[in-house]
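In what follows, subunit A forms one complex with subunit B and a second complex with subunit C.
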Partner chain A sequence: MTSRDGAGYLAVALIAAPVVAGGLYSLAATVGIAGAGADGFTTARIIAVFGDGATWASLRFTLVSAFVATVIATATALSVSVLLRRSRVARAAIAIPLAVPHAAAALGVLLLLGQSGFLSRIAYALGLVSQPADFPAIVYDRAGTAMILTFAWKEFPFLALTAWAVLDAADESLSQVAQTLGASAHDIFTRITWPLLWRGVAPAVIAVFAFLIGQYEMAVLLAPSDPLPLSMLTYERALDANLQRRGEAHLLSLIALALTIVLVLVHERFRANSDALAQVVEHDA
Partner chain B sequence: MPKSWRVFALLLLAVVSLTPVLALSVTAFGAAARYPEVWVSSGNGTEFLTLVRSAALWRALLTSVLLAIGTGVLATVFAFVAARTLSHATARARRIGFGAAFLPVIAPPIALGVGVQVLAIRAGLGGTTLGVLAAHVIPATGYLTLFLSGVLLSYDDALEDAARSLGAKPWTVFTRVTLPSLRLPLRQSVALGAMVSWGQLALTLIVGGGIVRSLPVELLSFVQSGDDRLGAAAALLLTIPPALVLGVAQLGARRTGVVT
Partner chain C sequence: MMCCAALLTVISGACGTSTDKANRASSISSSTGTAPTATSGAQAIAALPWDSVLARARGTTVLWRMWRGDPAINAFVDGWVAPRLLSHFGITLKAVQGQGAEIVNALVTEREAGAGKGTASLLWINGETFAQLRRERLLDGPWAGRLPNARYVDSSSAIISRDFEQDPSGFESPWGTVQFALIYDTVRTPNPPRTFGALESWIQAHPGRFTHDQGFAGVTFLKMLMYARSGGVAAYQGGFNEARYTVGRDSVFAWLRRTRPAFWRKGETYPPDVAAMHRLFANGEIDFSMSFNQNEVVTKVRRGVLPSSARALLLQDGTIANAHYVGVPFNAPNVAGALVVADFLLTPGAQYEKQRPAVWADGTVLDAAKLPAAWRSKFETLEQDPHALPADSLHKYARPEVAPMYHERLQADWRATIRHASK
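And now, the complex of A and B:
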């Protein structure tokens, strides 16, 4: 190791230090040797968290809602990028959700889709409902419908921009060669455009999924109270009047951190595959 | 695909992108309409004054601005030092460095907050603006280290070497060569760092303990207390700076030909 490497490692250690120190503290608090209500080594908190149905319900809800939102965002982004590939208006339109901060987006959707929201009022004007209760309850519902839609609304522009970047960077000559060899437009799309597009976008899709698992800003305004998303359950435990339960927040935060790290490793793998494919395509072209 | 379909898709995209922002605007500036009215026509203009006179809203804006500027500047300083050091390290050290810088970026804010909160309390910064600032700087520094490392990959040290060989002292090289050469990316870095802080709710709530009232915290508080109008006004105030940053970035990219 050179002295320059030493300085590099030191700089990096300082950046990662708060996360590592926080993580280690959370680990110590999980086993009862640090933090509020610490009373010597114990596995009681671990047993309490994993034995609590609320934890599993929260994990299931968090993963399913993040997954469904990622699927909707990906489908929307890919459709937009392919159907409206050359449209400057489309590129300007997706800048709107990109610029709106998460909490603001959640409030916008709440005002729009709530039972006394704007859509409900428009439905009243059209004679479709006669009172707020007639409008479908899609905010704070157990499925987290409005929350999932907001997740997708906020994340599809990032995926669409990535898809456009992939399409813009793709070598047109591949499609042209296929065309001269008699391939139909459908064949070119399914055999060339789609594989390139998907491989290029997949790492961003994983990143979106990972981000949504830890999302708090949108969830706090739109999530149901039962089941709670993991981020809200962690926050609730962190403020619990019962000090023993505060320790559980540390374990829940470690679970969220572990989930994210696993997804980052998956992300890196996808990215490596994508880079390898790009090199092969470049070589063949 | 027929052109009519493309037009339909474009219209749908525009409507989907715009409606939540329209809902915020109508709620903030329209009269408090009772169900089923969409907009009260008898508004007398005092609605706007209630926004202007809301001390909580403007105090929160000031707090958010201070936090954003502080985060942007501090994180840029830390990240520049880290990125610069890493740019001179071997490939292996750089790879490990990027991985470590990625950690605070990807850590869920609540998970990060639960750990950092304890450190802030130990340092006597729990529930203070300084503590929240320190918490915001953590993910921002990671993010900006990655950004500035990318910038420095294509930065040529030759000018600095030339200045040094002509007898310039390290500080002179830094202020007369390095800083002017990197003025644009450093400005972008401050803006990006500020935006990382700007939308933060989870870290602010958990480290600030509800005492530090930034715009996102106040937005949540307005909505939870049933004041949608002030909540929507806070949401619109929150949207303006990222929209400006994004607009300037797109304009700059178009001018420099990065995006066509």
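And now, the complex of A and C:
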């Protein structure tokens, strides 16, 4: 074991320790031997959480809204990075959503897109609607429309910056060789630029998806009251008026942790692919 | 290494819990109502001559865990109470966020960590939080009756002497009273409904213009509806009764199923809290907001959050009034300081300032008849804000809280059957 390996293991231990400790504590609270309302070992909370329709509705809503937002953010980021590849203005402008705090973005959307929001008032002034209820309900709606759009708006700059970095790093000589060999612009994009871009961005896409699954501060301002995102359901259980029920929050956290672990594994796999490709390209060039 | 240490902490923490549990169980069976640490606890300190309590408190800091969601309340605590505590008693007051369930969770965690003294010395509590803290033996006491200013407290008021039907038993000291009120706009709704029956007709005639929030105020609204639709408050008094609750809940849910399609957003979604509801109300999206403080409309109009034509409204079926208290946690690092702060909050001066419309407009817990003449006349001539409700009608329609379990069950059942099934 080299000293570099040792430092690596230490770093892993430092990062993992709080998660492991928290996970074990949550496990103890789930089975009723720790935390508020703990009354001794029981599997009642596990049965309650998995038997509760609200849990499944919440999981479905959380995964679907995070997935849709990630798809929108990725599509926007890739389009922007390819179409505006050399635009300095675009690169500067993209820093704006990046700099806005998540809660501020959500509040802004609430004031903009709410049924009594800014756009609704403009629509009213133009005679398009006669009362707030006529304006489309996309805030607090069951589909989470405004929430998903806000998720996408906040996350696409991160993906676009990653995409630009990948494009900047891509070796021009590959494209030049292809061109010399008679490849069309279309061929160069689909067979060289796109594979490099996608493999470079994919790990970041997984990271965005994982982040959005756990999102709380945007969700709390924009989500419907049913179904609740997993983060909000967890918080609601953690503060439940029934002390015995608070242990359910720990089980919901463990479910969120399990989702994240799966995504970390997927992320690592994508990253390994991306690294391998980069090495092949380096070697060939 | 780190990992192992963390593991050990968790394991020992979990073990600590079970021993704690055993200790608690034995102390519950052996005695009732005494502080766990009688020698240095709140009961012992409160028994000392008051000068001695003041001497112990001088030069200390009191951390007060309280709801920090209202700028008017924060301004009173930070800008009026804190500087006086410092200049009169040499106490530094630090108010930090933490309310209800958060307080209970934090104290359970502190006990599990087994770190001796905790962080907060004073807690702002009432109702179910008080019930849970008492059940889990997380409060120190009794001490409240020993405070010098406790003699002014209106002990004849059922609202103050019982906290959700529980006897405070000296484990919490009152410092304010509030009453539930709807908020409406006199311009938009010149003739507002004044009973639940009239409210139902109004909602049906104005679809999309009424809702309630999902928090404490919303559940209180449903509880008032339960009183009104099924037997009055008397039917629910004397502790939780499952059969009585079921009848009451079913009548509330029948009303909701009938009326909800005409709620804001067809009752498919609800504002998370009263702040969100105030926003919808101010923006003209709904025609009623609500508050568990009859005078919130006074402070919110003054701050420009609500339109100047906003007024409070009491439903004549009765609206719930309750008192709020301060308690001392079992692991308070500064019991003497906490008692001095609790006593200061009961002084006529602090109670008067707190009740002023320009400050917080929170109801006093003092009995004017017990006060020195000068203070009595000051309270009697306290300026009345034009937005405030007259005291006699507040008193006329006030209904007490019932056992916390009614609140707990109604909230859980509403979430599971009305909110979740509202498709």
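Here is the rule we use: the second predicted complex is superposed on the first by the 267 of 285 C-alpha atoms of A that agree within 3 Å, B and C clash if a C-alpha of one lies under 4 Å from a C-alpha of the other, contacts with A are read in each partner's own complex, and residues count from 1 in each chain.
Keep in mind that, in the parts below, a contact is a pair of C-beta atoms (placed from the backbone, for glycine too) under 8 Å apart; a residue touches a chain by one contact, two chains touch by 3 or more.
The shown structure was predicted, so the numbers you read here are calculated from the model rather than taken from an experiment.
Engineer: Sticking to the clash and touch definitions up top, decide whether subunit B and subunit C on subunit A clash or fit.
Structural biologist: After superposition on subunit A, subunit B vs subunit C: clash.
Engineer: For A:Gly35, select first, second, both or neither according to whether it touches subunit B, subunit C, the two together, or no partner.
Structural biologist: A:Gly35: touches subunit B and subunit C.
Engineer: Is A:Ala272 contacted by the first partner subunit B, the second partner subunit C, both or neither?
Structural biologist: neither
Engineer: Have a look at where A:Ser116 lands relative to subunit B and subunit C in the superposition and call it first, second, both or neither.
Structural biologist: The answer is both, since A:Ser116 touches subunit B and subunit C.
Engineer: Please indicate which partner A:Trp153 is in contact with in the superposed arrangement: first for subunit B, second for subunit C, both, or neither.
Structural biologist: First partner only, subunit B.
Engineer: After superposing on the shared chain, does subunit C or subunit B touch more subunit A residues?
Structural biologist: If we count touched residues of subunit A for both partners, the winner is B.
Engineer: Looking at A:Ala143, would you say it contacts subunit B, subunit C, both, or neither? Reply first, second, both or neither.
Structural biologist: In the superposition, A:Ala143 contacts neither subunit B nor subunit C.
Engineer: So in the superposed three-chain picture, is A:Ala75 touching just subunit B, just subunit C, both, or none of them (first/second/both/neither)?
Structural biologist: In the superposition, A:Ala75 contacts neither subunit B nor subunit C.
Engineer: Quick check for you: in the superposed arrangement, does A:Tyr25 touch first (subunit B), second (subunit C), both or neither?
Structural biologist: both
Engineer: So, does A:Gly53 touch the first partner subunit B, the second partner subunit C, both, or neither?
Structural biologist: A:Gly53 sits against subunit C, while subunit B stays out of touch.
Engineer: For A:Ala169, decide between first (touching subunit B), second (touching subunit C), both and neither.
Structural biologist: Neither partner.
Engineer: Looking at subunit B, which part out of 41-49, 185-193 or 221-229 clashes with subunit C after superposition?
Structural biologist: With chain A aligned, subunit B clashes with subunit C through residues 221-229.
Engineer: Need the overlap of the two footprints on subunit A, from subunit B and from subunit C, as residue ranges.
Structural biologist: The answer is residues 13-14, 16, 18, 20-21, 25, 35, 116-117, 132, 220, 238 of subunit A.
Engineer: Please give the residue numbers of subunit B that touch subunit A in the complex, ascending.
Structural biologist: Against subunit A, subunit B makes touches at 1, 5-6, 9-10, 13-14, 16-21, 23-24, 26-27, 33, 35-38, 78-79, 81-82, 85-86, 88-90, 92-94, 96-97, 100-104, 106-119, 138, 141-142, 145, 198-199, 201-202, 205-206, 216, 219-220, 223, 228, 231-232, 234-236, 238-239, 242-243, 246-247, 250, 260.
Engineer: Could you pull out which subunit A residues touch subunit B in their complex?
Structural biologist: Per the touch definition, subunit A meets subunit B at residues 1-2, 4-5, 7-16, 18-23, 25-26, 29, 35, 79-80, 83-84, 87, 89-90, 93-105, 107-112, 116-118, 120-122, 124-125, 132, 153, 168, 210-211, 213-217, 220-221, 231, 234-235, 238, 249-250, 253-254, 256-257, 260-261, 264.
Engineer: Per the contact definition, I'd like the list of subunit A residues that touch subunit C in the complex.
Structural biologist: Subunit A reaches subunit C through residues 13-14, 16-18, 20-21, 24-25, 28, 33-36, 38, 40, 53-54, 57, 114-117, 132-133, 137, 140-142, 220, 224-226, 236, 238-243, 245-246.
Engineer: Using the touch definition from the top, list the residues of subunit C that touch subunit A in their complex.
Structural biologist: Listed in rising order, the residues of subunit C that touch subunit A are 1-3, 5-7, 9-11, 13-14, 17-18, 21, 100-102, 104-105, 108-109, 112, 128, 132, 135-136, 208, 214, 265, 268-272, 280, 283-285, 404, 407-408, 411-412, 415-416, 419-420, 422-423.
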